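So that we are looking at the same thing, I have put the structure below in C-alpha cells.
Labels run A, B, C, D and E following the written order; every chain starts at residue 1.
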Amino acid sequence: MQEKLLELKNLKTHFQTERGVVTAVNGVSFTVHSGETVGVVGESGCGKSVTAESILRLLDEKSTRYEGEILYKGKNLLDFSISKMQEIRGNDISMIFQDPMSSLNPVYSVGNQIVESILLHQKCSKKEAYSRAIEMLRLTGIPSPEKRVHEYPHELSGGMRQRVMIAMALSCQPRLLIADEPTTALDVTTQAQILDLINELKLSYNMGTVMITHDLGVVAEVCTRVVVMYLGQVIEEANVEMLFKSPCHPYTRGLLKSIPKLTGDRLEKLHVIEGKVPTLHQVPKGCRFAPRCEFASQKCIEQMPELIEEESGHKVRCWHFKEIIGTGEGHYVNTSS
Amino acid sequence: MQPSPVNQELELLTVKHHIKKERRELLFRRFFSNKLALTGCIIISFILLFTLVGPLLTSHDPYELDAKKRLIAPGAEYLFGTDNYGRDLLSRVVHGAKVSIGVGFSVALITSIFGMMIGLYAAYFRSLDNILMRVCDGLMAFPAILLAIAIMAALGPRVENVIIALSIVFTPYVARTVRSAALVIKEQTYIEALRSQGASSLRIIWSNIAPNVISPLVVQATFIFADSIITEAALSFLGAGIPAPAPSWGNLLYDGKMVIFNAWWMTVFPGVAIMLTVLGLNLFGDGLRDLLDPHNNKAKK
Amino acid sequence: MKGYILKRLLSLIPVLMVVSVVVFLIIHMTPGDPASVILGPEASPREVAELREQLGLNLPLYQQFANWFIGIVQGDLGYSYFMSESVLEAFVSHLGPTFSLAVLAQVFAIILAIPLGVIAARRRGSVVDQSFMGLSLVGISVPSFLLGLFLILLFAVELKWLPVAGYKPLSNGVFLHLRYLVLPAIALGAMQAALIARMTRSSMLDILNANYIKTARSKGVKEKMIVYKHALRNAFIPILTVIGQTFGTLVAGAAVVETVFNIPGIGQLIVNSVERRDFAVIQGTIMLVAISYVMINLIIDLLYGVIDPRVRLSRK
Amino acid sequence: DKTDSKTSESGKKAAGGELQVAYNAQPPTLDPLLTTAVATRDITRHVFESLVTFNQNFEVEPMLAEKYEVSEDGKTITFELRKGIKFHNGKEMTVDDVVASMNRWIAVTTLGKSFFTKATFKASGNNAVILEMPERLTTALAMLADPGQAAVITPKEVVEGATEKGLAEFIGTGPYKFVEWKTDQYVHLEKFKEYQSLTTESSGLAGKKEAFLDDIYFQFVTDASTRLAGIQTGEYDVANAIPFDNAEQLEANEDVKNHVYHNGFNGVVFNKKARFFKDVKARQAVNAALDEEEILMAAFSNGNFYELEHGLMIKDQADWYSEVGKDQYNQRDSEKAKKLLKEAGYNGQEIVILASRDYEDHYNAAVVVQQQLQKLGMKVKLDVYDWPTLLQKRGDANAYDIFVTGFPTEPIPAKYEFLNSASEWPGWTNDPKMDDLLDKINKAASQEEAKEYFAQLQEEFYNYLPIIKFGNKTTITTTRSNIEGMGFLQGIILWNIEKK
Amino acid sequence: MSILAANEEKPLLQVRNLKKYFPITNSLGNVTGQVKAVNNVSFEMKEGETFGLVGESGCGKSTTGRTIMRLVEPTEGEAIYRGKDIYRLKGNELMSIRREMQMVFQDPYSSLNPRKRIGHILEETLKIHHIGNKKERMERVMEMLNRVGFQSEQYYRYPHEFSGGQRQRIGLARALMVNPNLIICDEPVSALDVSIQSQVLNLLEEIQEEFKLSYLFVSHDLSVVRHISDRIGVMYLGELVEEAETDELYGNPLHPYTQALLSAVPVPNPAVKRERITLKGEVPSPLNPPSGCVFHPRCPHATEICKQKVPVKKMVAKNHAVACHLYV
C-alpha cells in the first residue's frame, strides 16, 4: 500500500455572497495515495474546482470559509500558516487551473512565469531554469519552445496556454498534482502526449494526482479511482473498472449514458439527464439528486442519504442503489473502435 | 418533468417579480453593507446641510469687521475665534463652504465628465488618440494662474469663471488617467466579444469600458476636488478667484497663513473643513468603487 | 516603434504652433504690462507710454506676434524685460533647481506611496488601510504652502536640523544640495505621494482578485512577491500615469513650494514672470514646458508598452 | 591689478563676515534711474551715491560733492566734487562722469523730466559742476538728494553704454560693489575696499559710511513666513517687511530685534475724472465717514505700527510740517457723510474699489473702507487684482472709483504725484489752485516762504481731496541681536552695520 | 422553388485564401518574424450546415474564427458572407452583419465582463441590436438562461460566481440571444460534463433546425464534432489539410494526420487499450513552417517529395478533399 498523500475529511467550503452564505463544497471526503491518480468527475458547477482550490487554500480569503480537514501527509493544511502554505504550494502540491487564459499573468512572458516557479523551489541559476523551462515546454509539445518562452500569454493559442500551465505545474516535480481539466483545450494527440508525461512523472516520482475532468475517456485511461460529485457532495466513489462496469448512483449512470459516441448512428439524439441543477441557494433538503432522479421516492425527497461503502472501495450516496443495480445492464459504455 | 405552458408562464412571472425585488434589495443591501459609501454619504450630507442651514444658525455676520476684536482665540463668544479683521471665523467658515464646495464639486464633476470622454475616446480610437492627447499636452503646459488671470480678465472675476479656468487646467489630468486605464481594458477579451456581437463603439466605450475606469477616475476626481479648493484660494489671492471679502475655505487658509504663528485657529478650522469634505468625498468614492466591484463580499458573521 | 516615436516628435510642431498662438493671445489679453511694472507705482502714464513704445508693446498685436514667432522659428525665444538674460538662459538656469527638486520629491513620493498603497490594498478595510488612507487624505487636503511652513517650523525653527529656505546648486556639494532640498521635496512630494498611494490602492484592488494572482499563489510565490511582482505591474499603468503627471506638474512649476522655500525654479520663474508681466519669458517658458510635457508623456506612453505588452501604442 | 590679501590693510576693525538679508521683493532692474520700485532703491543705494543726499531729518547734505553753493537768484548751483573718489572699476571720478550721469538723470527720471528739462549740468574746471536753471527752483537740491530714482553718479562710459533697458554695468562709488545678480535668488554685493568715507557724523543717508562686512546678500524671500522663520533660525541676519501680526512674537525672542521705521502712508485715491467721485462733495462724504483708526488697525494690527497723522509731510520734516487740515482728518461723522452723499446725488450706483493683495496692508485697508462705506449705505464692490493688473486698471477712468495704494515719505511736496494735474497720474487730479501753490513752493525764495505756501496747499488738499490719507505707516525690519548699526531712511541702510 | 435552389447553390460563407500572419516583435519593437497562424485557408459553408474544424492545438482554429468575425484584420484573403466580402464592409454594414454572425469564445472567463451581472451581459446583445423593450428582453434572457441549464434566479450573479462550465454556457447563451444565422463556436462545450454537454448539443441542434442556423464548430472532442457536424475540416499548422463529410471522414480518414488524430481518441472504457498512432519528431512551429508539406517531419509515410513540394488540395472522393502527396 502506498502512503496516504492527501486525505480530505468532510471538507466544506462556504462562500459569502450578496445573497448570503452558500456552501459550494459540502462535506467532501476522499483520499489520494502517492502514485495514484484519482479522477473527479461531476456535473458542471458541482464544486470540483472549488474543492481543488480549497486544498491549496487559494480561494479569496475575505469571502471564503473552510471547514473540515485537509490532511497532507497527515498534517492539516487548514492549520498551516501562510508562509508554511507557501512552502507546500508549487513544491509539494502544484495545481493546473481550469482556466488557462486568465490564469497566466499577462504582463510576463510565459518563460518568466515558469522560471519563477522553478527558481522558487529549486536551487539553480537563472540560465539553468530557463533551459529547464524550455525543456518543459518541449515536453508538453509546444513547437519551437526556445522562441515561445519569450512570448506573452496573449500571443499563444488556448491550448498552448494550457500547456504552459501544465509545464509550470510539473516543473518542480510535485508530490501531488491537482489537475483541473488540464487537457480541455488540447487536441487528442497532444492530450495523449500530456497524459503520458503525467504518467511518467507518476511512475518516476511516485506522484499522486487528482485529475478533474469531464472527459470520461481520459478518466478511463489514466485514473485508478474515481470520485463522482454532485452539487457539492461526493455521491459515488469507486475504482475505475468498477465504476464503468457497475455504476451505482443514478447520476453516474446518467452521465455514462450521455457520452457521445465515435461510432454508430450519429444523428440519434444524445441522452440527457432531465431537469435542472438547483442553485446553491436552494439545495433540496433530502437527496440532492432527488428532483432529477427517476427512482426518487418520498424518502429521497425528505432524507439525505449518507455515503456508504457498498463493497470494498465502492462508496455510494443513494437510498435505492441496490434496486438500481438490478435494473442496470452492465457496461454503460460501448467499446468503440 | 416539463411544466405545462400555463404553469411555465406563471412561474416566469413569479420569478420575474422575485428577480426585480432581488435587484432592488441587492442594490440596497450592497449600499448599506458598504460602510464606506454610507459614512461618506453621511459626511457629505452633513457638510451640505452645514452649507445650507449653517448661515442661518451663526449669529455673527461673516462680513462684520471690528478691528478691536482681531484674532480672538476660540471661546464661548466666538466658537472658532475671530480673524485678522475681527470677523467671526465660524460664520466665515460656514459661508465659505458654499463657494469652496461649489467650486470643488463643479470642477471635479466637469473635469470628470470631459476627462472621461476624452480619455475613453482617445484610448479606443487610435486615430483620435494622437490629436486629443496632444491637445492635453498643450493644455497641461499652461499654468493655472495665467489661465485664470486671463479668463478673469476676459470674463470678469466670478465664481463660474474660476470653475472654467480650473476645469480647463485639470481636465487633461483626468483624461490621461482614464485613458491609461482604458488602454488596458480595451485589450480584454470581453471587449472583443462585444465587438463580435456588433456592439457600437459608443456602447463598448460607455457601458463596458467606462465602469472599469471608475476607480482611477474617482481617485483623480477627489484629488482634483481638494486641489481646486486650494487653487481657488491662490487665484483669489491674485484677484482671479472669487471676489474679495467673500469667504472661501481656501482664502481663509491663506489669511490664516499670514498669522500662522499667532492664530492657529485661522488655519486649523478651514483646514479641517476641507479635510472633512475631502474625506467624505473619498469615502463615497471608494464606496462607489466597491459598489461596482463584484468581489466585494466580506465574510460577515 | 521608431516610426511611432518620430511621429510623436513630429506632432510637437502643431502642438507648439497652437500653444504659441494661444499663449500669445492669453498673455496679451491679460491686463497689465511690463512697462508699468518696471517703472513702479509712482510712474506717470506718460512715462509708461514711452516705455511701452520702447519695448515695442504699442505695435499691433499681429506684428508683435510675427516678430516673436519669427524669432522662435529661428530658435530665439526672446529676451527678458527684467532679467539680463535671454529666455532660454533664464529657463536653463531655473531648470536645475526645479529638476533636482522634482526628482527628489518624486523619489520620495514613490518610495513612500507605493508601499503604502499596496499595503492598504492588501489589508483592505483594516485599521492599517484606514489609517494609511486617512494619512493620504491629509496629504491631499493640506495645501503645500501650509505643509511647507509646518515643516520649516518643525525641522528648521524648532529642531534646527535643516535650513529654512534657499537653494544651493549641486556644485556646492551633494550634501549641501540635498540639505536644502529635503524639506521642499517632502512638502511637494506629500501631495503627490497621497495621490499615488490612493491610485496604487485602488488599482491594486482591481487586480488582486485576478486569476493569475491565484496561480502565483499556487506556485508558492511569497505574498510580498505576489503583490509587488505580479499584481503591481498589472496595476501599474494608471499609477505610472499619475507619476508622469505629477512629474510634469513638478517640472512645470511647483511655484508655491518654491516660493515658500525660496527655490529659484521654473515655477517661480513662471509666477514671477506672470506677476511682472515678463511676456517673453512667459511665452518662452510655456513653450518649453509644453515640449517637456510632450516628452514626458511620450516616455510614459512608451513605458506602457514595456509594462504591459498588450498595450503597445506603437503597434499599428 | 593685484588681488588683495584677505585682511584689510586699513587697520580699522577686523571686517566681519557676510550679511544675509531676507528681502521681500525682487527689483525689476538694478538701474536706479529707471524705476521707482522700492527694491531697486534699497539695493542700489549701497552701490551708488549721488552729489547730495538726505540726513535723517530730510535735510540735504553733500555726499560726492565736497560742498555746494546756490547762487543769489537761485538759478545756479555749483557743486564742488570730492577728490580721489574711486569708482568700483578703479577709475577715479571726474566731472565728465558727473555731467554725463546728471544729464541722463534729467533725461530719464520723472523729476528730471518734470523740472529740469530746461536745466543743464556743466563742468566747471576739473573739479566742479554747475547746474544752471532757467528759473529759481528752491527744491532743486532736495530733488537731487531724493533717494527714489536717485541722481547717482556712474562712470561716463557706463552712462553711454546704457540702453533703453537701463545700465549694462552697475558701477558706482558706494561702500559696496555689485558682484552678481542671480535672478529669483539674490543680489550679491561685496565690500568696496577703496571706498572713501566722509568723516562727518553719519545720519540717514548722509555722513560717514563704513563697510564692516565683506559681503552682503540680498536674498529674495517673497514669502513673509519664510523670512520670519529664517530670521529666527539665524539663517538671515536681516529681514525686512515683517508682517505686523508677527512683531509681538519676535519681540519675545531674544535672538532678534525689531526695528520699526517710518515708511510713508497709505490712502485711497479717488477717480476724479469720471464716475461718482468726480464730485468733490462725494469725496468729502467719504472723508467725513472714514474711521482712520479702524482702517489702520486692520492694516497694521497694533497701535505701535501706525500713527494717526493728517499731514502730508511728517513731523520729522520740520521744514514743512503743518497743522492745517487736522480738523478735516478722521472725522467719523456719518451724519455729515450721509448728508454730503445726498448732496452729491448718490443713488445707489456701485462704487468700485481696486486693491491688490500683493500688498497686504493695502488690501486690509480696502476691506475696511469697503465696510465703512457700506455702512453709509453705499453699494461697494472690492475688486482685488494682482499688482500689474491693478496698475493697468487704475489707468482706466471708466473702470473704477477708488484705488488703495501707498506712498513713501517724500522729501518735497512736488513729489506727490496726486497734488499736480500735469502728471496725469491715475486719479487725475485737476485743481488749478494746488498747481499754482506747488509752483509757488518750488519757486519760493526761502524755505520759510515755501513752508507757508505748503500750509495753504495742505488746506486746499483737504478741500479738494485728491486722496485720503489714512495715517502714517511703518515697516518692521528685524535683525539678529548681534547686528548693530541698522539704519533706515526711505528704505534700509546696511552700511555701518556690524556683526558682533 | 427556384429561389430555394438558388439559395442552395449560393453558400452562406465562403472563405477564400485566408491568411493571418502575426508579426513577432522584439523588445525594441522591431519586427523579427511572423507567426503564420492561418495560411491559405479556404472553405465554404452552406446555410443550415455545421462545419466542424478540428486540428492540433495552436494550428490556427481560433484565429480563423476571429479573422472571419473581423476581430483581427486578415493579412490576405476574403470571407464572403451572403455575397458580401466582410473585409470590405464598413461601419453600419459590419454591425448588421455581426448581428447575423455571432461567436462563442474559447475562453469562457475573460470573455465575460467581470463587472456585469450575467443577466445584463446577455441582455446587452439584445440592446445592441435594439431588440424588444425592457420587459421582453428580460423575458428572453431568462428563457435563454433556462435553455442552457440555469435557474432564472441566477440572473443577478457576477461571472466569477460561476464555475468554468457555467460560464461557457453563458457565452453560448449570449451568442444565441439574437437568433443569428451563423455562429462560430470556438470550443463551446469543452468545459461541460457529458450530461450537460448533451443537453447543450441537443439545444444547438434544435435551434439549428428551428432557425436554419449554421455553425462553424471548433472542438477537440472528436466524438462531439462527429455528432454535430455535417462536414469537417482538419487543420494542421495553419492549413486545411483535409475536408470531408463527417461519416466519410470518420470512416475513411485519408490524411496521415487525420488518421493519427482519430487513433488517439481516448475510449471511456478502462478495459479497452487502444492502438494509437504516435507522431514522432519535433512539432513544427508556425514561426517557420517546414518546407513542402507542413506535416512531413512527423509523417510516418513521408517521402522525398513531401519535403519539397507543397501538396495541393484535391478531391479524392465525393465531397472529400485532401492535401497529401499520397493521393495523386
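By our rule, contacts are C-beta pairs under 8 Å (C-beta built on N, C-alpha and C of every residue); 3 or more make two chains touch, one makes a residue touch a chain.
Chain-to-protein mapping (UniProt): A = Peptide ABC transporter ATP-binding protein; B = Peptide ABC transporter permease; C = ABC di/oligopeptide transporter inner membrane subunit; E = Oligopeptide transport ATP-binding protein AppF.
Predicted model, so just to flag it, every value in this text is computed and none were measured.
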### Chain whose average C-alpha position is farthest from chain E's own
D
#### Entry: Most contacted chain pair (by C-beta pair count)
A-E
### Summary
Here the gap between chain C and chain E, centre to centre from mean Cα coordinates and rounded to Å, is 52
### Task
Return the distance between the CA-based centres of chain A and chain C, expressed in whole Å.
54
### Query
Cα centroid separation between chain D and chain E, in whole Å?
90
### Task
Mind checking the centre-to-centre distance between chain A and chain D? Centres are C-alpha means, answer in whole Å.
92
### Message
Residues of chain E that contact two or more other chains, please.
### Response
107, 109-110, 153, 156, 160-161
### Task
Check each residue of chain A and list the ones that touch at least two other chains.
15, 17-18, 60, 62, 99, 101-102, 154
### Overlap residues in chain C, where contacts from two or more other chains coincide
30-31, 145, 149, 209, 211, 274, 308, 310
### Query
Which part of chain A faces chain C closely enough to touch in the complex?
53, 56, 58, 60, 62, 82-83, 86-91, 94-95, 97, 99, 102-108, 116-117, 120-121, 152, 154, 165, 168
### Query
So in the complex, which bits of chain A are touching chain E?
15, 17-18, 41-50, 98-99, 101-102, 141-144, 147-148, 151, 155-160, 162-163, 181, 184-192, 195, 214-221, 240-241, 244, 254-256, 258-262, 266, 269-273, 276-279, 281-282, 331, 333-337
### Message
Give the list of chain E residues in touch with chain A in this complex.
### Response
22, 24, 35, 54-63, 106-110, 146, 149-151, 153-154, 156, 161-166, 169, 187, 190-199, 201-202, 205, 220-224, 226-227, 246-247, 250, 260-261, 264-272, 274, 276, 278-279, 282-288
## Note on the structure
As the complex stands, chain D meets chain B at residues 224-225, 228, 243, 245-246, 248-249, 293-294, 297-298, 301, 355-357, 360, 363-364, 366-368, 370-371, 381-386, 389-390
### Task
Show which residues of chain E lie in contact with chain B when the two form their complex.
66, 69, 71, 94-99, 101-103, 105, 107, 110-116, 119, 124-125, 127-129, 138-139, 142, 152-153, 155-156, 158-161, 171, 174, 178
